[in-house]
Amino acid sequence: MKLLKSTTKNTAVNAGDVTNNTGNYTMTKRVYLDHAATTPLDKRVLKVMEPYFSEKFGNAASTHFFGEEAEEAVEKAREDIAKAINAKPGEIYFTSGGTESDNLALAGIMRTGKKCEQLVTSNIEHHAIIRTADSLKKEGFETKFLSVNKKGFIQIEDVEKALKKKTRLVSVMHANNEIGTIQPIKEIGEACHKKETLFHSDAVQTVGKEKIDVEKMNIDMLSASAHKFYGPKGVGFLFKREEIKIEPLMFGGSHEKGLRPSTSNTPGIVGMAKALKIGIIEMDEENAREKKMRDRLVKESLEIKNSWINGGFPKIAGCAPLGFDFVEGQSMLLMLSDKGIAASTGSACNSEGLLPSHVLTALGLPRVKCHGSLRFTLGRENTDTDIDYVLEVLPPIVKKLREISPLRGK
Amino acid sequence: MFSKKTMEVFRNPKHVGFIKDADGIGRVGNPSCGDIMWVYIKVKQKNGKEILEDVKVKTFGCVAAIATASTVGEIAIGKALDKAIAITEKDIAKKLGGLPKEKMHCSTLSKKGLKAAIEDYRNKKEKAD
Amino acid sequence: MKLLKSTTKNTAVNAGDVTNNTGNYTMTKRVYLDHAATTPLDKRVLKVMEPYFSEKFGNAASTHFFGEEAEEAVEKAREDIAKAINAKPGEIYFTSGGTESDNLALAGIMRTGKKCEQLVTSNIEHHAIIRTADSLKKEGFETKFLSVNKKGFIQIEDVEKALKKKTRLVSVMHANNEIGTIQPIKEIGEACHKKETLFHSDAVQTVGKEKIDVEKMNIDMLSASAHKFYGPKGVGFLFKREEIKIEPLMFGGSHEKGLRPSTSNTPGIVGMAKALKIGIIEMDEENAREKKMRDRLVKESLEIKNSWINGGFPKIAGCAPLGFDFVEGQSMLLMLSDKGIAASTGSACNSEGLLPSHVLTALGLPRVKCHGSLRFTLGRENTDTDIDYVLEVLPPIVKKLREISPLRGK
Amino acid sequence: MFSKKTMEVFRNPKHVGFIKDADGIGRVGNPSCGDIMWVYIKVKQKNGKEILEDVKVKTFGCVAAIATASTVGEIAIGKALDKAIAITEKDIAKKLGGLPKEKMHCSTLSKKGLKAAIEDYRNKKEKAD
């Protein structure tokens, strides 16, 4: 989002740099705490991508050695990704990201069925699900949005109640991008399968960060996006069980068995597989590290009066969705940004002025409180020093904004 | 999105806050929309005219709300009430080097707040008279 | 396409290497002549992409400096691309490639209209157009496929005749991927506009290689794919005039004005803009160079008896679509591949066994001749030495295959 | 897609070509489908049995066509006609380490070609008898 028509450029990323010169236009410190929006590409990932840019650059569909080495790389990535989530290679379809995977899953399934059939999802899904559902409704399908409780969790009973004969697909996200709550996916999947209903999960926030086993978790389809787990932007995948038939969103060549035509993005795909591999290897240790930092950030931030945390636990490790009364999120964001701290308010993916986030309103949070939300999401580069810094910078910002806020006497 | 000037004023808003013994207060906006401003004014007599001696605005709001709040003060201070009440949202936006279309409502709110404060002052004065 | 379950790896690209050791499994020479399928990423392009992988990696939609610098880069790329084709920045939409741009253009326009309306296109379009048209037909729209003449060109009169009141969109590719023929786009666009019909052109084979001016050429929508002009894979764009309303293919965030949601692929977009810039600067010189090499390749290849060139002129500079009687393309391809030469037969994007290419059959070529087609497409790394090498290797391969072919006495 | 063995045979097909004074010729397939094979055989008598002395196949076709053409020869040579006529597409594919499903028709064509050549030989012989 463009804030200024022209700004001083700051190119160095020095999250670990402890310099505290935080003048408005000359940040020397940059602390990135918006990992739910996107993550930096891991240098180890870039390294495995590099040969596929200008040397092994062939079209994986071509009949020659250039094509062959590209196809080998793509198929190896497919195997690695399948193994990582306990699926078969033939069940992994490469896409351009989480949004496309979500659209392909929902529209793909519904459009193979009859117009009277129903899609059940939740009211805290990402817009890639909610708006796709809305568009399917316009096409004539039925949709139902499950509510969550105050803590941000779907209740199994609600899923069971919603499951009708006409229900063709249930889609519930694994972890929410705004409040980090991890849904009881295994149980929801079980409930669906009891009624022979298909179950899709948007796992964009958890792939590479939480353990995923599509068998154990009763998942029939799953969406992922590489840039959320330190992989490249513009590539994702959809897992879809072999026996399920879906309609493509796009038509063209016979790539991805015709389900997703277009020349394979070999470097992107190779990078995504590597990023996932690294994510899984380092998962436990990294989650423990982030959780510790997150817990301290939450605890000490909540010492600011009239503050709260959005959504309950379990939450993804690095997620600290806070809220501060009497102040407005965008102003906090920008003041933090001036101090070199990147965070988010509402949903980072779609900031549309002061419309309150649909996720926060789904929790039953009053609108005025929604506006005061501030989400920090930690990641691999963050250190304790970063948290120290946030805890130093944040309280005066809240104080300053409260001083000019009419919602509070003083 | 925002002009350099808007960001500058947001970073150092001179006319936000409140006035203890304000002569008029204008409360406008709706907190659930995230739009709310309270405008405080202090009036003095000068050459037989009522002049705005000071303006301070409280706002719960985004960058544009804070910037327009401070700017309405900047424009109004020193002006006669009749002149000040005629300040438009365009005057404020212009001073800020322009505002995105979807943020013009902040400018409108500042204008309305000032107007409400002046009316409040006039009402009080009438009653006192 | 995978030829072998396991092969010896050849990683060095030495197009300029003159070593002639061409043993089957130990290629020391690699000559890539399949640039219509995909191109290597230009090193200068990779260079401008690099900062956006792991440093300026923000989500362009985020409200902080990381997001801001990403958005600045994306918007700068949009301006550059718009300028390159004489459009406005607001008319450029980023996509995942040519296939998506084609789908978005065709389905996007048709779905805003009534089911009785018609899409007119040609029978030599890429599958991304033809199969999208077929799918729109299934949705209930009317489609009409214009024929080309023996040389592979659309006749203006045919376009004029086809334009009915119910015609909503005409889509004709700028240059064909198999035979390189450049269509009279300006005139086709003019004919459409006379009848107030919208005109889309799939310019995947020409953007960055031929001059494009959407104003002068009467183009309302245009598709491009970065990897075809030495840019990254997995990114493309659609040009769409401001005043035209289209339906999105996918739903989600409000990226690309809601027409193409999903986190912006900043490195890909930045790379595409740079690749286009380089393409335009070097166009005249490079085309002259490729044309010279191509003309020699064609001339000397046609000294092999019973051979021909597919499609007439004008053709894109590097394109040499040849044909040899009595032999089969895939066998030629693989023997060439063994000698380190990458070429293609039929359409590289969709090799489906021995189905003859729809483009070649559209020219009226008998099926058996279609099978004998061999396409060389030259590019930036090719040199005269490569052409020498092909001309040394190709005739014995054709001879060898003819010797075992029943279609010819000797 | 193809096994290593298939590629090897494609690269060095031993039994493709033709036999000048063939005892039987089998012509099968349809050139417009890209599938065509001409199988030439040379028959000799050995211990009172008719044995395939040589087999050569001409083919216009893809990798699998060339590989199966050569392989049908490899399997058939030295076999008695009765045995040779019973060679199946599976035998050929097996020898090649498997063939992709969509390429099995090449194997079928080789088998059919050999059968046609043997029948041609037998027809000729009958007439000569």
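Should a chain be cited, it is by its letter among A, B, C and D, assigned in written order, with residues numbered from 1 in that chain.
Note that in this section contacts are C-beta pairs under 8 Å (C-beta built on N, C-alpha and C of every residue); 3 or more make two chains touch, one makes a residue touch a chain.
All values derive from a computational prediction rather than experimental measurement.
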{"item": "Number of hops, chain B to chain D, where each hop joins two touching chains", "value": "3"}
{"item": "Most widely separated chain from chain A, with each centre as the mean of CA atoms", "value": "D"}
{"item": "Chain A and chain D, separation of their C-alpha mean positions in angstrom", "value": "58"}
{"item": "Distance between chain centroids, defined by C-alpha means - chain C, chain D (Å)", "value": "41"}
{"item": "Chain C, residues touching no fewer than two other chains", "value": "1-4, 330, 334"}
{"item": "Graph class of chain-chain contacts, one of line, ring, star, complete, other", "value": "line"}
{"item": "Pairs of chains in contact (touch as defined earlier), listed by label", "value": "A-B, A-C, C-D"}
{"item": "Partner chain A, residues of chain C touching it in the complex", "value": "1-4, 7, 9-11, 13, 27, 30, 32, 34, 37-43, 46, 51, 53-69, 71-72, 75, 96-100, 102-103, 126-128, 131-132, 134-135, 225, 227, 232-235, 249-255, 261-268, 330, 333-334, 336-337, 340-345, 348-352"}
{"item": "Interfacial residue positions of chain C with respect to chain D in the complex", "value": "1-6, 24, 326-328, 330-331, 334-335, 338, 353-354, 356, 366-368, 371, 403-407"}
{"item": "Residue ranges of chain D touching chain C (in the complex, touch as defined)", "value": "1-4, 7, 10-11, 13, 16-17, 27, 31-38, 57-63, 65-66, 69, 102-103"}
